[in-house]
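One chain, chain A, appears in both complexes that follow, with chain B as partner in the first and chain C in the second.
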Partner chain A sequence: MKVGIPKGLLYYDYQPFFHTFFEELGAELIVSSDTNKDILDKGVKYCVDEACLPVKVFHGHVAEIKDQCDLIVIPRIMQLRKREFICPKFCGLPEMVINSIPDMPRATMAPLYALSKERLFQWAKVVGKEVTHNTAKLSKAFEAAVECQSNYKKGIDDDSYPIKVALSGHPYNIYDNFINMNIVNKLKKLGVGVVTEEVIDEDIKNREVSKLYKKPFWSFARNNYSFTSHMADQKLVNGIIYISSFACGIDSVVIELIKHNIEDFPLLVLKVDEHTGEAGLDTRIEAFVDMLERRRS
Partner chain B sequence: MYYLGVDVGSVSTDLVILDQDKQVKEKLYLRTKGKPIAAIQEGFRVLMNKYEKAEIAAVGTTGSGRQIASTLVGADAVKNEITAHAVAALDADDEVRTIIEIGGQDSKIIVIKNGIVTDFAMNTVCAAGTGSFLDRQAERLEIPIEEFGDYALQAKTTVRIAGRCAVFAESDMIHKQQMGYNEGEIIRGLCEALVRNYLNNVGKGKEIQSKVFFQGGVAANKGMKAAFEEALGITVAIPEHYNMMGAIGAALIAKDKVEKTGSTNFKGFDLAESVFSANSFECQGCSNNCEVVKIQENEIVIGCFGDRCGKWSNKLAV
Partner chain C sequence: MKITFPHMGNVHFAAKALFEDLEIDYVVPPFSSKASLEIGSFHSAEEMCLPFKIMIGNYMHAIEEGADTVIITGSCGPCRFGEYCELQMNLLNKLGHKLDFIVVDSPGDIGVKELFARLGKISSSSSISKLNKIRALHQATKVVRLIDGVEAKARYLAGFEKNKGECKKLLNECKQEAQNCKKSQSMLALMNGYMDKLDNVALDNDKNPIKIAIIGEIYTVIEPFSNLYIEDKLMDYGVSTKRTLSPSWWLKNLVLSPTNLNQLDLKRKAKEYLPLMIGGHARECIGEAVLAHDEGFDGAIQIFPMGCMPEIVSKAILPKISKDKDFPILTLVVDEMTGEAGYVTRIEAFVDLLERRKDNVLSRC
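Take a look at the complex of A and B:
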């Protein structure tokens, strides 16, 4: 059985889990390519117009591999933490894709609640049955996948640069180098190191969000708010760059919250959409770096 | 000795020559018309009759076309517009605290404290409220853009126009026209809408302190200046060379650079007579399929742009 895994949205956070789970089940994996122009074009062609760029890009990844696989994994990620939610588009992602892209193979429809190992297993049981009816094998694959995910370390923490910025935003905007026009390399060329949210631990996140009037409703809000707040407050970086998809509803609130919190700490918000011309992004980054250099000296 | 600054923007290409005392000796304001190379050549044809190559001690480029301009002229400094505008404004008046700059497709706010840029913002992916939008509306109303501001100032009343989006603004303007409002009132309403949009968007959360400089091509529009002053409740100053500030900044930055390095990369004015061609192709090297633009001068490739990996652009870096 051929199982397709689109390299979009939270793939960047949970790839070890999905890869291991389906491999251990005995499926052959068909993983889409890194995002490229063809994937972007396909995504824009199929996806509803109002969606944000990362959701369009996800559609493009599905379209690239759909004809090569028997089952396609479209994780309907509902919750990662108690009393917190992901973007509403994630909850309806399977329907969005199935109704937009013609001639789809079967897709995983089960909701995924990663609140505990038990809840996550609910998803694995339903989805795993598409590949095997051997329950022992399924349990073993699930254990291996959870184990592999827990050993997964990602994140950037460049220490060897005189100027550092905290790179904040949703993971797919930070790690998809096509969407963000390879911003990490651009910054390196300008002599600027990058730090991402993975460097701070749960205790710090809890402490930072406890200062808010109300607990954040969204997991993305919790991560980005606490990360930027901590980095600015402790002056661990010279500035913050926030990459945000054009028309993102969550970010429209989160960015205001961050601005209000960090006051006059340097912040650059970069909006990304279908643009492939890089002049606009370059101008903003270069000017921001110029400013950080002068503020420092 | 002279210092040359070239600002290749979306709407205009500006060339400026500064003398030893950083005074503007020559300025050219040309329309880019989507052909940056032709615009630079046009400027150089004017300059080549007045100046010798050896008289130019430094060249700087800026604007969204700064890379292409740098390849053509042999720039000593290639700088983003924010820094260039701030440098020029501070040189003109060291008391400036806020710079409002509205160009062809960008609008910016720059906040300065103790002589350094401490904060800035630019419009996001949308070009509402910028010069190219005003250009388009002037064209639609068949009013020369130079007279746009006068129309606004003559209006006794104003009309509310939606300012958040250029498309919404245009449909709102048309609806108001059909209701019988005159051109002056509509243009004044448009200026107010653009200012409202600027302050709510680009200027949001920024402390706008005196002295305020209003620069960029749109500063020529008196209606915009009046609308800013009314909204802010303070005087807005327009520097003498308001539409040349980017180019002046680029020349000043290049001057500093050459004072450190000791020599210029300037290729001379001959490029005015060269034959340039720009061809684009889709690179098949990987799945990114970058659109690469190849610039040739007299059939010799002088530069490539647009590739993400640097396969083409690095090969020809001079």
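Take a look at the complex of A and C:
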């Protein structure tokens, strides 16, 4: 059986889990290629106009591999932590995709709640049955996948640069080098190091979030707010760059919260969408870095 | 303490009845208008959604009239309405207004104790007895149910009336006069009177008007200014409209939701296309579209503010329903840049299309 995994959205966070799980189940994996112009064009063609760039890109990834596989993994990630959500578009992702793209193979529709190992197994059981009916194999694959995921470390923490910026935003905007036009390399060329949210731990997140009037109910909001707040507060970086997709509902709130919180700490908000021009992005980054250098001297 | 609240359709009648019965000082902000939207968009972040901006406009107008406390409801669903309170507080503080916010949030997230403490802030400024307070609350829910009933009836009968414009006239008169009523008692009497008047409107039973269901995001379908008075426009065209979402529907849904017995029919209808609750009212929107088709409506119009996350998902699903059931659905996205002329053209074209389909011009080809 051929299982297709689109390289979009939270793939960047949970790729070891999905890869190991389906490989252990004995399926042949078909992973879409890294995001490119062709994938973006396909996404824009099929996806509903109002959606944000990452969702369109995800549609493109699905469209690229849909004809080569029997089952396509569209993770409907509902919750990662108790009383927290991701984004309504994640919850309705399978419906969005299968109603927008014609001639789809079977897709995984089960909701994924990663609140505990037991809840996650519920998802694995439903999805695993599509591939194998051997329950022992399924449990083994699940254990291996969880194990592999927990050993997975990602995140950037450059120490060797004189100027450092905190790179904030949703994981798929930070790690998809097509969406963000390879911003990490661009910054490195300018002599700027990058720190991402993975460097701070849960205690700090809880502490920062508790300063808010209302506990944020999005995981992205919690991560990005606490990360930028901590970095600015402790002056661990020289500035913050926030990559946000155009018309992102969550970011419209989070950026306001961050701006209110950090006051005059340097913050650059980069909006990306399918029309973003690279030259304009370069100019903005260069200007921001110039400003950081001047502030330092 | 002078309480105010943002506008949302008929909510202000219930609030007026409630605060007058409770003998609490209050301000009803002037109706949402271009002016409130302009003030709101001037101060709000660019990418916030339309309801946020109109609400800010409402607050600013109410502050001019002396309001110092705002009551809004919260939510902890994945839709951004739940974060409104915090952003609005920050924004108004920054503008130098000392406003007290009372956020009525779900007890699951803030705790029952906190919820009662917040509600206590409102009721402590009222001097009447506890029993009368409960009665006042009960009367207010009656008011909102009744005015929603009057409105729904008028909108539906508009397609059948013999004398064109009668229903609209009655509805407008009712709303106008209710604003001058004191206390819930007289308001209820007035609305009941209008309910009777609507029952006696001369109807042409041979008529077979176009029937359209209004579906979509709750604020933009309920608050008439935000959808550029679409229901009034359709009344003028002699179209019967139905809208499931209303303040009284919301209240019922809220009370029933812990038992999971809320909106059983909508959930059942939506099951085939969107089986899970994804936030906002996306599932309801899908359910309403299917329900409208089953009830013999000619078409549906979906309205949502630009960037609304849950409704984008339903927008992706609606074409499938439209295709499966041969049921025309028009999507209108509104924001502060919406131009009325383009908007009206689209509605007119849609009504024309439905009219032609009725005469079997298109359905045969």
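By definition in this document, the second predicted complex is superposed on the first by the 296 of 297 C-alpha atoms of A that agree within 3 Å, B and C clash if a C-alpha of one lies under 4 Å from a C-alpha of the other, contacts with A are read in each partner's own complex, and residues count from 1 in each chain.
Definition applied: contacts are C-beta pairs under 8 Å (C-beta built on N, C-alpha and C of every residue); 3 or more make two chains touch, one makes a residue touch a chain.
This is a predicted model, so every value here is computed, not measured.
Q: Would you sort A:Phe178 into first (chain B), second (chain C), both or neither based on which partner it touches?
A: Touch partner of A:Phe178: chain B, not chain C.
Q: Determine, under the contact definition given at the top, whether A:Leu236 touches first (chain B), second (chain C), both, or neither.
A: neither
Q: Please indicate which partner A:Pro266 is in contact with in the superposed arrangement: first for chain B, second for chain C, both, or neither.
A: Once the two structures are laid over each other on A, A:Pro266 reaches chain B alone.
Q: For A:Gly280, using the defined touch cut-off, is the partner it touches chain B, chain C, both, or neither? Pick first, second, both or neither.
A: It touches chain B, and chain C stays clear.
Q: Quick one: classify A:Met1 as touching chain B (first), chain C (second), both or neither.
A: So A:Met1 meets neither chain B nor chain C here.
Q: Identify the partner contact of A:Lys37: answer first if only chain B is touched, second if only chain C is, both if each is, neither if none is.
A: Touch status of A:Lys37: first partner only.
Q: Applying the document's definition of touch, where does A:Cys91 land relative to chain B and chain C: first, second, both, or neither?
A: Touch status of A:Cys91: second partner only.
Q: Could you let me know whether more residues of chain A are touched by chain B or by chain C?
A: Looking at chain B versus chain C, the one contacting more residues of chain A is C.
Q: Does chain B (first) or chain C (second) touch A:Met291, or do both, or does neither?
A: In the superposition, A:Met291 contacts chain B only.
Q: Which chain A residues lie in the overlap of the chain B contact set and the chain C contact set?
A: In chain A, positions 246 sit in both the chain B and chain C interfaces.
Q: In their complex, what parts of chain B are in touch with chain A?
A: 64, 67, 79-83, 106, 116-120, 122, 124-125, 205, 286-291, 308
Q: Within the complex, which stretch of chain A touches chain B?
A: So the residues of chain A touching chain B come out as 33-34, 36-38, 178, 181-182, 246, 259, 264, 266, 269, 271, 273, 275-276, 279-280, 282-284, 286-288, 290-291, 294-295.
Q: Under the touch definition given earlier, write down the residues of chain A that touch chain C in their complex.
A: 47-48, 50-51, 76, 78, 83, 85-89, 91-92, 95-96, 99-100, 111, 212-218, 221, 246-253, 255-257, 260
Q: For the complex, give me every residue of chain C touching chain A.
A: 45, 47-49, 74, 76-80, 82-83, 85-87, 89-90, 94, 103, 105, 108-109, 273-274, 276, 278-280, 282, 306-310, 312-317, 319-320, 333
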